[in-house]
Amino acid sequence: MNTRPVLEATNLRVAYGGNIALDVPRIAVRERELVGVVGANGAGKSTLVNGLLGWSRGSPKVSGKVMLDGKDMSRLPPHERVKAGLLLIPEGKLVFTQMSVEENLAASVNAPHDGQGRRHYSIDDVYTLFPRLYERRHHLGSQLSGGERQMLGIARALRLGPRALLLDEPSIGLAPRLVSTVLETVRSLVDSGLTVLLVEQNVRAAIEVVDRLVLLERGRIIAEGPASEMRDDPRIAEAYLGAHVA
Amino acid sequence: MKATKTLKTLAIASLGALALSAQGHAQAQQPIKVGVIFPLSGGAGPQGQHVTQAIQAMAAIINEAGGVMGRQIEILSRDDESTPAVGVSRANELISSGVSLIIEGWNSPVTLAMQPVISRANILDITAISKADPILSGEGNPLAVRLNSSNSQDGAVIAKYIAGTKAKRIAFMTENDAYGNGAQESIEAELKKLNYAYDKVAEEKFPFNQADFRVALTNVRAANPEVTIAINANEGLGMPALIRQAKQSRLPGQLVTAVGTVAPSVISVAGEAANGVIGADIYFPDVEPFASNEANKKFVAKTQEMFKYTPDKYMALGATSLQVWAMAANEVKSLDKEPVAKRIRGGSFKGTIFGDVTFAANGQLESNHKLFTIENQKIVVRPVSN
Amino acid sequence: MNFTQQLVNGIVLGHAYALIAIGWTVLLGVARLVNFGHGQMYMLGAFVTWYGVSRLGLPYFVAIPVAMLVGVAVGYVMQRVMLQLTLKQDLVSIMIVTLGFGYVLHGAAALFFGSTGQILETPFSTKDIYWGDLWFTYQDIAIVIVAILFFAVLKYVIDRTRIGRLARMVAEDPQLAQLAGVNVRRVYLGVFAFEGAAVALAAALVAPRTPILTSMGFDEVIITFVVVVLGGIGSVTGSYVAGLALGLFTAFFGAFVSPAYATAAAFAVLIAVLVVRPGGLAVSPGGR
Amino acid sequence: MNSGIKTVLFAALAVIGFFVPTLLGGSGAVYAACVLIAIFAVMSYGLDIVVSDLGEVSLAHTVFFAVGAYTTALLSVSAGLGPVLSLAGAILMVLLVAAALGFVTLQLREFVFSLVTYAVAVVAATIAQNWDFLGGSDGLRGIPAFELSWLGFKARNDQELWPVAYLLLLVAIYLVSAFRRSKLGQAAMMVHLNQRLAVTSGVDPQRIRLQVFLVSAPITASAGWLYAYQRAYISADVLETYFLILMLTAVVVMGRRLLLGPLLGVALIQIQEKFFSFGGYVDKIILGSVLILTLAFLPNGLFGVVAPLRNLFIRRATPVGKTIPERS
């Protein structure tokens, strides 16, 4: 494990007004790794991924250092980080509802070609990956189901040539059957070379797919380790998996 | 020193003599402050500035002749921005700086707003231009004085012209406000007085700030009038636009403009389209009897010397306001509002810019209208035909 | 022939309204910005064109792009000043700021250009066409043609090109657009620069129809209002239709009732529509 | 600060305020300026609670101002009513207008709301200019002097009108501060800051908006009431953009939700216009620039700039804030 992580943040602090919502000394995601961030509602999970991008629908104060492939992103505005390959699929509204699927997938920035570990997904690649989107390519974003929107959100991110993908609560509002489908899709993307930081409230589903798990509580990391070890961690087991799992 | 002057300037001459005799005192005395409020900015700004300059030229003439009751006149000029609220503030300012007279009035609403304020402060208020009838009603100022002609005086001259042409199909294009509607009413009333039978084939009303008359002109044109009377006091925008568009749309018949709505500035904006338009007015600097009037000659020369500009009617009205007041004050030997106002209202004055003039009992200057035609973008006064 | 002449009047007037409104439509559609300085920007465009033609002796076709460049500069400066407010979507402050800009532009233009009326003469405006009983000028034809071309091109750009897509993304959700790598600031600046250029073009074409004054912006802004709002806020096709409809309404209301109340009547219609269909106006953002 | 001391301080301040014109020399121009500042400040306070508390930009407040002025003019000229009854009439009338306008705009927010209120102001100006009942473009003349015969009080000039204007100002300030402390004021703030949260807390935003409108309109209308007496003449110019810009600037320039903000804002603008005027155009540029610069670069208004200094004089904070701008 002496390779440089793809994404690394140090001393990341996010404050709303005077209240510190997040204080993380270090978090890192390595090449082809799927790291899950779990925690209760309000633990700071979304704040973490938004903070990594310097992005939010509110107006927080973000400090600390964010490195992508050893390059400092901290001073770049969100759209520049996106161009560098740091992508976020936000929770909730994640597609342009007034545009067709096809337009959503039309690259808005010139995605880079292969190199530096960034894979270029052509529109055909995306349709191969998500045949359902091909079927619905002329529909408006607003006409899609929750699962389809989630697929479209991921597909849109892939079109931008991701180096590291931040995924915020993809399972929210989805039927249980769809949750595992989405998470398995994420897993297979990682297996084919993607690096992903996944925020998920559904710990039970997440723990099945992730490589490593980070447990957040009140804006701080309180536990971290490989998924297999964390499964037996009492803080996880009791709080999120139910006592009978162990 | 003034003994060689003609009879017409006798008044000024005696004023000068009076000043000479009182010179000893004059040096010790403070100048008399006269407030002047006109729009100096906005659409009417250029005209307001000219009127103010004309008053300054007249003040210079009076001062050279010895001033008023031996004291020099000092003009304090303010900008009413064509807004009643601003006008009232400026009037208050002038009142507290101790003026003895306020000459004001380009826009009627501004005048109407200032009248009660000036009246309550017990300062003489002379309205130079604003035309609205209520200005002389006595509501805002029981001792009002106005120099510009009234709507009914204006109506009579236009009505007489129409009757002279024997045209039967008459169209009106009228600004839809108190001035426009009042002007049209007075023309129609005067026509009725003349027992003149005519058809009102079209009547188009439009807002003051209208600049595009194509829709209205289409209606008027379709009515095929022999005479179209344009009543539009918006000299910067509406009147030149109306004249141009009437020409372009090949409006049939004769275009006649209401009294005092076509100033040289309108002609310069309207350009060639203005040729052939008929109007009427009360002052022309270089036409008889003004051309040989000594007081007028002196005023024109002074204005040209000081401001490189030949005065128009508005400037003459502004200057005459000051001139008449100076004469009256010298005569009654007072700067107080009441005696001076009473001398002016219903009184006569000799040797003004307008010649020998008389004021009606309600303070209105009785004026003498002349018809003119615009030829080669110049105002040409028509010979008196009847 | 009264009717056909009024029809011609209405069509020309309608295209003029639509042309004047287009910059604001896009601005409102993309950036959700209300620009109360729009009328003064129109005035400025007219006076810069006039200054170019009659004081600098430029040909009309050179004066137009000059005016548009000045429009771009003014639009850029305005948006540069308001950028933080725009990013925060502080619509309340933005509206008041644009009112302030209108005031400043009026004062500055009056100081520079003076406050007397001027006529902006162009090679087209002095050539009249008489066709039977009908009358119009080449300038009128130019207004109609340019308006139609402008709307067609704009519609194409917004619907079919990358720039149009970026603008629509920002229009729908500026935050999400950032996540798609869109430089939202640049889009906002671009949209305001476009507004400046579009209104200057409109002024250069429409202003020759009437004398111009530095105090004239107010009437243009209120007419534009009606067009922009009735067209469905931010809708390009809608504002073309609304502009044309308003032109015809003004002509025929003037013909059958009175020009004196045409503007007030248009506003009464506007208020009625807003009250009856408040939600219906919030059509798809993105300037379609 | 102890609330008892605060009350005493405010009372002292209110008394000192009354003598400001005397302290400034007591000339006619000073009284005229002070009366106008008081009237325009009251006008702005009405808009203040809509802009600062409710968070909407109403461009129809000139209409409320005009309704107050025109009703007063009509009642005092045609019906010969005195100031008390004309005030009652003005308030009644403006409540009707505000209720109608509030009802019409109930569903509208943000810029659509502003557009409609602007449209209403334009239509109102057209009506005022053309309707003979309202005097048309000549306006309404002959408004009598402000006279309360049962008190033996008659105001023939601005100096004599000053006590009335000052009292009206104090009442308006009191109303605004009472509004901010009231349930309605807090509900309005909630609707402003987070409508969804407000709804879930059992607040009906539409009702609150209507109620705030109904509180705000009479304040602005009462300024129109006194303005009619002060000017003795009312015409359609009270609906001009000038008053709108004046109100908006006054509300935002010092910083929003400052109790004395609109008063100080109006005072600054009026003093500049009256005593340091550079002519109509430059004044326009100044007023517009002040508006732009404060909103774009001083999120907390001018007061936000000087507020840190205030800590140096914490005890004298309030009186200093009150008197400084009136001298400058």
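Just a few scattered comments:
The first chain written gets the first letter, and so on, giving A, B, C and D; residue counts start at 1 in each chain.
In this text, a residue touches a chain if its C-beta (ideal position, glycine included) is under 8 Å from a C-beta of that chain, and two chains touch if they have at least 3 such contacts.
Note that the structure is predicted; figures quoted are calculated from it, not measured.
With steps allowed only between chains in touch, the distance from subunit A over to subunit B comes to 2. Relative to the centroid of every protein C-alpha atom shown, the closest chain centre, again from C-alpha atoms, is found for C.
Rounded to whole angstrom, the centroid-to-centroid distance between subunit A and subunit C, based on C-alpha atoms, equals 43 Å.
Rounded to whole angstrom, the centroid-to-centroid distance between subunit C and subunit D, based on C-alpha atoms, equals 33 Å.
Between the CA-based centres of subunit B and subunit D the separation comes to 38 Å, rounded to the whole angstrom. Shown for subunit B are the residues that touch two or more other chains, namely 41-42, 45, 176, 207. Residues of subunit A found to touch two or more other chains are absent. Of all residues in subunit C, those that touch two or more other chains are 110, 218, 260, 263.
If you sketch which chains touch which, the pattern fits none of the simple shapes: not an open path, not a single ring, not a star, and not all-to-all.
Annotation, chain-chain contacts: A-C, B-C, B-D, C-D (touch as defined at the top). Across the complex, subunit D is touched by residues 28, 32, 34, 36, 81-82, 84-85, 91-93, 95-97, 99-104, 106-108, 110-111, 218, 222, 225-226, 229, 233, 260-261, 263-264, 267-268, 270-271, 274-275, 278-279, 281-282 of subunit C. By the touch criterion given at the top, residues 41-43, 45-46, 176, 204-207, 209-216, 218-219, 221-222, 235-237, 240-241, 244, 248-250, 265, 269, 271 of subunit B touch subunit C in their complex.
Residues of subunit D touching subunit B in their complex: 27-29, 32, 36, 126, 129-130, 136-139, 141-143, 145, 156-158, 231-233, 235-238, 240, 242-243, 273-274, 279-281. Subunit D makes touch with subunit C in their complex at residues 51, 55-57, 104, 107-108, 110-112, 114-116, 118-120, 122-123, 126-127, 130, 241, 244-245, 248-249, 252, 280-285, 287-292, 295-296. Listed in rising order, the residues of subunit C touching subunit A in the complex are 88, 162, 165-166, 168-169, 172-173, 175-185, 284-286.
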